Amino acid sequence: MTHSHSPRIDAFREQRDAYNQVLAKYANAEQKRFFGLDATTYQAGHLDKKTKELLGFVASLVLRCDDCILYHLIESHKAGVKSEELAEAVSIGMLVGGSITIPHVRRAMDIWDKELEGKN
Amino acid sequence: MTHSHSPRIDAFREQRDAYNQVLAKYANAEQKRFFGLDATTYQAGHLDKKTKELLGFVASLVLRCDDCILYHLIESHKAGVKSEELAEAVSIGMLVGGSITIPHVRRAMDIWDKELEGKN
Amino acid sequence: MTHSHSPRIDAFREQRDAYNQVLAKYANAEQKRFFGLDATTYQAGHLDKKTKELLGFVASLVLRCDDCILYHLIESHKAGVKSEELAEAVSIGMLVGGSITIPHVRRAMDIWDKELEGKN
Amino acid sequence: MTHSHSPRIDAFREQRDAYNQVLAKYANAEQKRFFGLDATTYQAGHLDKKTKELLGFVASLVLRCDDCILYHLIESHKAGVKSEELAEAVSIGMLVGGSITIPHVRRAMDIWDKELEGKN
Amino acid sequence: MTHSHSPRIDAFREQRDAYNQVLAKYANAEQKRFFGLDATTYQAGHLDKKTKELLGFVASLVLRCDDCILYHLIESHKAGVKSEELAEAVSIGMLVGGSITIPHVRRAMDIWDKELEGKN
Amino acid sequence: MTHSHSPRIDAFREQRDAYNQVLAKYANAEQKRFFGLDATTYQAGHLDKKTKELLGFVASLVLRCDDCILYHLIESHKAGVKSEELAEAVSIGMLVGGSITIPHVRRAMDIWDKELEGKN
């Protein structure tokens, strides 16, 4: 029931888990170390979790990677990022990365609206 | 009826309008100014509309943004760009941006063929 | 029957063939020369076919073009690339191109697992 | 004298000011609005100045624009970012953007060390 | 004397010619065909020379290749592009490609001002 | 004397070593693990050293990172890559990444000619 308002996020997670099982099957030592780094880099440290997730979000936005954007959007929401804060991070990404980021912003804000913020 | 030959373009526009409503709900002042710029930059000026749309098309092609490509393809068609002119713009984008642009060219030309030029 | 284990690869090829017919309809002389180059560049020469396909694969991975990745994945498999060799090429692409390549690696390895290597 | 420990930053600023005068001479209304946006987007708002500069820094790092990186490095320093915080932002940019960001990180940290942090 | 007002453009051309001799020494058949395409793609056809050079300029700007930008800036000037037209092409490139294009625009406009337009 | 024919490569290495000392001074645990990965990923494994360096070279070429290109050019030369093999790797990078890679190819081949191959 918990998930009833987040069909796209649920689908994203299930697909990602299934993919990760395949990844693990073929990954060599270097890949495993890379995935390990990917997990630890966003842990709270001198910068708090919220800031780190917003940094991951903006980096993903300007590089235009929808799956990466969605991942950090979910984590940003979990870390307590507010809509007004997200909007400012989006402003920076859009300015730096240009109008080609807009389609990604559209998809991100639609999920933020319907499956993250809308659940509160 | 008008739309009966352009199902993908119709779907694109409807989706885009729905997304834009969500965008507007969360957009801050900077985002609104950015969207405003996006609207005025392509208006005819010292360069005509056709040239400006082709510039937007080629920029979108080399940066490989399908939604942006489709948008400027539609606007180029409206502005009177001919197939032979589009082909030359595609040649430039493909040469500058490399073979990774080809999948985007395939999708663009399929829509040009079936939903834009094919309607004439 | 031959195709029964490769539905996504079959769909990719059919779509690609259909697209290429449209491409050919509008392509000018420069585009045709570009497509010609695209066909000859990967032929075995001083570097063998396997190495050339892996070069095409890694270039496509760091530029994050799913269709290009899939194409070179299929050709790498045909050329006899083993899973352990592919994994090392993936390690290099992931390291050079960063974590934004991971979603593309996920999709590539899923097809490698279910529709290429799984057929052997 | 104030500037005696920051020769590269001084040179960067002088060059930038000279360039901006030329920019202003040819800029049309759209460009002026874009430059205006560039100035206001990083002002403190719901996110503080420090966070906004780090977002600009990481976006610039993954897109690999040395001048943009240097600009936000200087502004981050002014806003009070500590070396340990910068290091975490660098970790995220490097992970997301890959090893091709390393030459840019090298140049940035050299300036951070010799002309920003070293002045304290 | 002809060259006395264009030291950077002269240096660019001399360096480019020297480099091209080395390129030719090692180039294989595929590379030579690619260089050939690069030469013919910008010739006037269904689109005039001016439009083609502006397309090459904007593609180079959003991909942030200084040498490519300079090349098409020189050719645009030769083809009769006016400052107001260039400014509109810059507006489109800057909007689509984002603020990371600004340092490239600065360098381009400085050469436009001092070594191209200033010669008229 | 050994170095008398490679001034640019010597300068590159000295600068790189100096930068790396600064990097090490500020690097946190994640960065150190990333640098470690960067060192081990190119070691001979299921793919030989030569192939791995060419993969690194082509990835760097299409992402247009001069320092990365130079590094892998030097390592490719050490690993025994011949001019004809390099030329084929260049062909692939240029085709996939487009004409914007050409300025980088020019600089790479000039160093290959004057400071690597020319030393043999």
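Letters A, B, C, D, E and F name the chains as they come in the text, with residue numbers starting at 1 for each one.
What we mean here is this: contacts are C-beta pairs under 8 Å (C-beta built on N, C-alpha and C of every residue); 3 or more make two chains touch, one makes a residue touch a chain.
Because the structure is a prediction, the values reported are computed rather than measured.
Common partners of chain A and chain D, by the touch rule above, are B, C, E, F. Should one ask which of B-D and A-C has more C-beta pairs in contact, the pair is A-C.
Of the chain pairs B-D, A-D or C-D, the one whose interface repeats that of A-F, sharing more than half of its contact pairs by residue number, is B-D.
Put simply, the C-alpha centre of chain B and that of chain C have 27 angstrom between them. Per-chain CA centroids place chain A at a distance of 38 Å from chain E. In chain A, 28, 30, 34, 37-38, 41, 45, 59-60, 62-63, 68, 84, 87-88, 91, 94-97, 99-100 are the positions where the chain touches two or more neighbouring chains simultaneously.
If touching chains are joined by edges, the resulting network of the protein chains shown connects every chain directly with every other.
Interface residues of chain C facing chain D in the complex, by the touch rule stated above, are 62, 94-101.
Residue ranges of chain F in contact with chain C, taken from their complex: 37-38, 41-42, 45-47, 51-52, 54-56, 58-63, 68, 82, 84-85, 87-89, 91-93, 95-97.
On the side of chain E, the complex with chain F involves touching residues 16, 18-20, 22-23, 25-28, 30-31, 34-35, 38, 60, 63, 65-68. Contacts from chain F toward chain E in the complex involve residues 64, 83-84, 86-88, 90-91, 94-95, 98-100, 102-103, 105-107, 109-110, 112-114. Across the complex, chain B meets chain D through its residues 28, 30, 33-34, 36-37, 40-41, 45.
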